[in-house]
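Look for subunit A in each of the two complexes below; its partner is subunit B in the first and subunit C in the second.
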Partner chain A sequence: MAQAVKTKKTSITYGLSTGEKAFGIVNFVILAILGLLMLFPFVNLIAKSLSSNTAITTGQVTFWPVDFQTGTYRFVLKQGQFWNSFRISIVVTLCGTFGALIMSCITAYPLSKKWLWGRKFFALIFVFTMLFSGGMVPSYILMRALNFVNTIWVLIIPALLGVYNMILLKNFFEEIPEAVEESAQLDGAGSLRTLFSIVLPMSLPALATIGLFYAVGFWDNYMTGLLYITTPSLRPLQTYLYQLVTEATNISAETMTAEDMELASLNTEAIRAATIMLACVPIMCVYPFLQKYFVKGMRVGSVKG
Partner chain B sequence: MSELTGRKTLSDQDLRRIARLSQKRSSRSRLHRSLPLLALLIPGLVFVAIFHYLPMFGLVIGFEKYDIFLGANPIDAIFKSPWVGLKNWTDLWIKSKFRQAIINTFIISALKVGICFPLGIILALMINEVRSNIAKKTLQTVMYLPHFISWVVVGALFMNIMGTTGIVNQVIVALGGETQKFFMDNRWFRFLLVLTSEWKETGWNTIVYLAAMAGIDPELYEAATIDRANRFQQILHVTLPGIASTVVMMLILRLGGIMDAGFSQILVMYNSTVYKSGDIIGTYIYREGIGKFNWSQGTIVGMFNSLINMLLLLGGNWLSRRLTDRSIW
Partner chain C sequence: MSKRLLSLALALALALTMGLSLSAGAEEEGRVINILLNAQAVDLNEDQIAGWLEEKTGFKVHYDYYANNEALTLAVANGTDADLVFMSAAMYQTLQPKGAAKDISTFLADQPTIVEKIHANGWKYDTDENGAIWGIPSVDDAVYTGGTVYRTDIFADYGFEEPDTVDEFYQLLKDIKEQTGLIPLTGNEAVQPVIASGFGISYNLVYDAETDSVQSYLRNPGMKEYLAFMHKLYEEELIDPEWPVNKGDNINEKISSSKAVMTMGYHWSTLNWVNALVETGDEDAYFKTIIPLKDANGKRHTTVSNSVSNVYIVPATANDEDVPYTLAMVASRLDDETYWMFNDGIEGTHYTKDEEGIPTPIMPIFGETMTYGDKFQIGRNQFVHPYSWMARVHKSQVQYDTFYDANSKAAKDGFEGSVLAFASFPAYSEYNAALTTLCNDYFMTIIAGTEDLESSWDDFVTEWEQSGGLELEQGATEWYHNNPDLVAAGQSSYSPYASVFGYEIN
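The block that comes next holds the complex of A and B.
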């Protein structure tokens, strides 16, 4: 049997005509060029963040840093507002993701049970929020009424349940054989125990997937900070970047001190570039490790009839 | 059982009564069994009640002349503000900037769906044809990456390479062209929006198609090879039909996003010189509704937006049910 399979495989590879081989090569080359083009904006920005003022203003920087320097990064890391915003974003992302995962689990689990009393009705309540919404202004007024404006809660609580993510998780839970849970329940475990000790350990790929979605959602969100936060000490990192990018604020202008005179030798574009690269670091650290999970998680969750 | 049959045969009436009783009992025991799970559902229900359903009731503001400082708090103000009916809407409709925002929303969305959607499928087909697993993984890693970057960073990345002193303009000038102000030119701005959303999301969009392609029965390809179908013919006659229903699903989901032509994207990249080509409903609400405290007008625009969105999704879903027997819920 094994041999039969093997011969079949070789016959297929041998069956590739030169035309098909050429097709494979051309296809790969096009994809490789596309991949490099996609990376280029990053490469160019990193190169600029590490180049000298004169090299940037004369437009010499393309792929590699010219007149290599790290002063920009040292400057950004000395900024109080950068660290402050960074800390806010880390706290919001960690607490938010953890809370959102718990909320999604306890909501998705009951809805995944076909025998749940009133299941269709409850599911409809959640699905309808994806169809229709009150919109930006009523939500803004609600946050003001709840006294959420200029608190850290506004960054976390309104995003604690993403209905789309919850439904992905519900679909995943539905794939778990009922028998596994029933055996636990015969042993006297309640539904909460079953959820946390049986169902969740079996759902790690799905949890990693939506956990990543939530984390990225919290980390990348600049709108909430823009709408509801005016206190600089609570400003999340992406909102800080937004102001840096769109209002072309010079970090230097506010905080120039005698010891920052080295700034004169630094290019503002390079400083902005360094700030942006530093803001990407956390995502870049987590993403590669979770990739194998989210490919699996998306597969089960979204491709369903 | 022997007890029952030993006594007497059951009449039809008896059987019906038993059936009714057991039905009642099973429904009650179902509720009883569900109670612990329903308790788990409470936080989620409270959450959507506050953060999704309460704002829907807030839509009343759209028909009032809402003044946030009228009552004891912003919600009390809803009850105290005077009712004006559809005046907010008629006032808006005569503003050419508002009409332009609606037109822009549809144009930009149409461009994005028309260009990005097919490109996602083509890219997935190309990645699927890569035979080496390492190469495939590396390509996927690179192409999924931009999805995880915020629009602020994406905006900054492209302002860097496509700004007036950026590398793109350097190349244009070197080739003898004129410096283009991509971010401040109404001829270029929509192109820029499509390009950046292309860069950010096309790779990510392939993930669902690639999953669907992985689920195609390999025997179909073997049969095709035996029939001497070349790789291109295999794509046309095996792969594409295999992902057709997924494509329809994704198109419906995309339809639901048409009314958001990219709010967080445009808010980062636009400026007053490109309002004519780039101002969309979302940015209009943000600027005119919240920025200038026109609460009532902002609300009614949001409601218009949401209603059209719902109709598009429901319509798309209905179509999908008829065409492919699949629906999103």
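The block that comes next holds the complex of A and C.
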């Protein structure tokens, strides 16, 4: 059997025509260039965050640090507001992702059952909210009426159910053979037991993928913080970053922030770059751990039996 | 029996009253005034100046921040819990007419310090025709923020001199290009104020005595001449070839790497340039300012910022009972001694004063401690501010020299205040910013030569008129005639810095 597979693989490898090989090479080169292009701004940011004020001001920095220094990172890491916002973002992302996965599962599972009474109607209600939203002002009024404004809940609860993600999960659940669930039920498992002991373990790739979507969504969300949070201790990291970036470009005659932030050797552009880098690191760390599920998960809901 | 009952009732009533009064006292003691402020780089609640203020004045203040104008509008429209809300002048003009603010005129009567310490121009701006006062204004002093700065070392090496007229300026640009090979002038301004002054251009709306109306600078024949001149400079490469696409970073880079000799510069920008130039080998690098050029009549049009920059409002939803306490806190911050303290720190520790009372900061402690001091201002103390602010200008000799050089030179020929500096009327908030952008975009296409001035001018003016320009001019003229006090305030070019520095404003 092993021999057969090997032979088959060999024949496939050598089966490429010259045109196909050329296409593969061109494809690879173009995609590599595109990939690098996406990477360049990032590399530029890293270089700036590690360069001196003079090097940045005189435009010497492109993709490699000039007059290497780590003072900018030390400066950013010394800021109490950075760590506070970092903590808020971690809490929001962890609680939000966990809560969102639970909400998605318990919504998607019943909707994936063809025997559910009113299934289409309920599905339609969810889809409707995906297409139409109340708008900024009604949402604000609602949040205020719920006393969510200026609380951490406003960063978590309104985003607990992403309908798009829920539909992906529903489609994945629908692909699980009914016979598997039936056999569990024959052994006496109820709906909840079936969901948590049979369906969810079989859906790990899908859960990992939409979990990642949720995590990135919670981590990157700055708008909610902008609109609903005025207390600095509750400001998430991306909102802090947004304010840092917009303020640095609006240095007024009165504040003269550039000179004041002990910037004899630092530069506001470098501080922005360092903060952006530090804000990216945690969410970038999540990707490698979910890599193995990711390719599988990308196909979630794409084929319906 | 009935006596006992009566005594018991009295004792109960007494206990209740005592309890109530005790709890009321405790509430006053622990009372916190909430201020909603625009986003700051740091949390003012954590700044040690907040602690000093609380200790000195006894008022406990908590700051919350709105991230942008949308967030401010949402918060104010939905009944914010704040006692005071900071607004830029533009947002104040948008939200105040919609009922965002509470009339504080009756409360201000009990706080004469507030009224006295803030310049009368601010109160004129904030008071409507019925005598209602809608906020606490912060009045900018007439400071000349800066002109075209040049490299003194390069000028000295080649024997160049500061120009006074458009012809002299043109010759200077030619000489710089021919003799140094450097970019004579970099920038990205559609209306470069130093050059535009040479053509009689100052503000985008000015009063015209002949027609007795406020007119756009598009009506000034000098505007076409200015644009033709700028295009000529661009074509002859006497200004930066990247003028239309330059961003602040490019300009910084060109100036601080000795690629360009001149640009628009301010006292807060020259320090970084000098530091960068000295570090890279130009040890004598320094900057001075070319002030606005004289026009054909020998007049310089030096614009100044003497308007209201921001207003603190008491939100319309605030309780009347809370307002006196809030205003008492505001008054405490306008007290002369307190104002000095939170702006400049403690004499001998954070700054020293010379015999004329002008402070010099003690660095680095001033920079480390007092950076955000001015963020605690609620209204400006007109008597202390011009002096206390000098500490900020004097944080480095480079900054101080740039500020003094520009202001003392410009003051000789006088400042030109804007008649609309304190303007607030519907067409102004609706059209002014958008039409300025429309003009700037068009001017840049003329400078770069992508459109021909002669063939496109009339069409552009028509487009400008149809996009709200006519309403803007009409509204401005009406406002001008209806608000002589505010017009005079705008034109007065009130500058306390003249007395601070000892120079005369002509």
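Assume the second predicted complex is superposed on the first by the 257 of 305 C-alpha atoms of A that agree within 3 Å, B and C clash if a C-alpha of one lies under 4 Å from a C-alpha of the other, contacts with A are read in each partner's own complex, and residues count from 1 in each chain.
Note that a contact is a pair of C-beta atoms (placed from the backbone, for glycine too) under 8 Å apart; a residue touches a chain by one contact, two chains touch by 3 or more.
Just so we're clear, the structure is a prediction, and the values are computed from it rather than from any experiment.
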Can A:Thr246 be said to touch subunit B (first), subunit C (second), both, or neither? both
First (subunit B), second (subunit C), both or neither touched by A:Val127: first
Mind working out whether A:Leu160 is in touch with subunit B, subunit C, both or neither, as first, second, both or neither? first
So, A:Phe28: does it touch subunit B (first), subunit C (second), both, or neither? first
Looking at the overlay, does A:Trp117 come into contact with subunit B only (first), subunit C only (second), both, or neither? first
When the two structures are overlaid on chain A, which partner does A:Met38 contact: first (subunit B), second (subunit C), both, or neither? first
Residue contacts with subunit A in the superposition, subunit B compared against subunit C: B
Does the superposition put A:Trp219 against subunit B (first), subunit C (second), both, or neither? first
Using the superposition on chain A described above, determine whether A:Ile141 touches subunit B (first), subunit C (second), both, or neither. both
Now for A:Pro232: first (subunit B), second (subunit C), both, or neither, which partner does it touch? second
Common interface residues of subunit A - those touching subunit B in one complex and subunit C in the other: 59, 136-137, 140-141, 144, 227, 242, 246, 269
Touching residues (chain side subunit A, partner subunit B) in the complex: 8, 12, 15, 17, 19-20, 23-24, 27-28, 30-32, 34-35, 38-42, 44-45, 48, 59, 62, 103, 106-107, 109-111, 113, 115-118, 122-123, 125-127, 129-142, 144-145, 158, 160-161, 163, 166, 190-192, 195, 212, 216, 219-223, 227, 238, 241-242, 245-246, 269, 272-273, 276, 279-280, 283, 287-288, 291, 295, 298-299, 302-303, 305
Inside the complex, what are the residues of subunit A that reach subunit C? 53-54, 57-59, 79-81, 136-137, 140-141, 144, 150, 225-227, 229-233, 239, 242-244, 246-249, 251, 253-262, 269
Of subunit B, residues touching subunit A in the complex: 30-31, 33-34, 36-38, 40-41, 43-45, 47-48, 50-59, 61, 68, 73-75, 78, 123, 126-127, 129-131, 135, 138-146, 148-153, 155-161, 165, 167, 170, 199, 203, 207-208, 211-212, 214-215, 222, 225, 230-232, 245-246, 256, 264, 267-268, 271, 282, 285-286, 289-290, 295, 298-299, 301-303, 305-307, 309-310, 313-314, 325-326, 329
Hey, which residues of subunit C end up touching subunit A in the complex? 36, 39-43, 45-46, 63-68, 70-71, 74-75, 77-79, 143, 145, 248-250, 252-253, 256-257, 266-268, 271-273, 275-276, 279-280, 364, 367-368, 371-372, 374-375, 389, 392, 395-396, 399
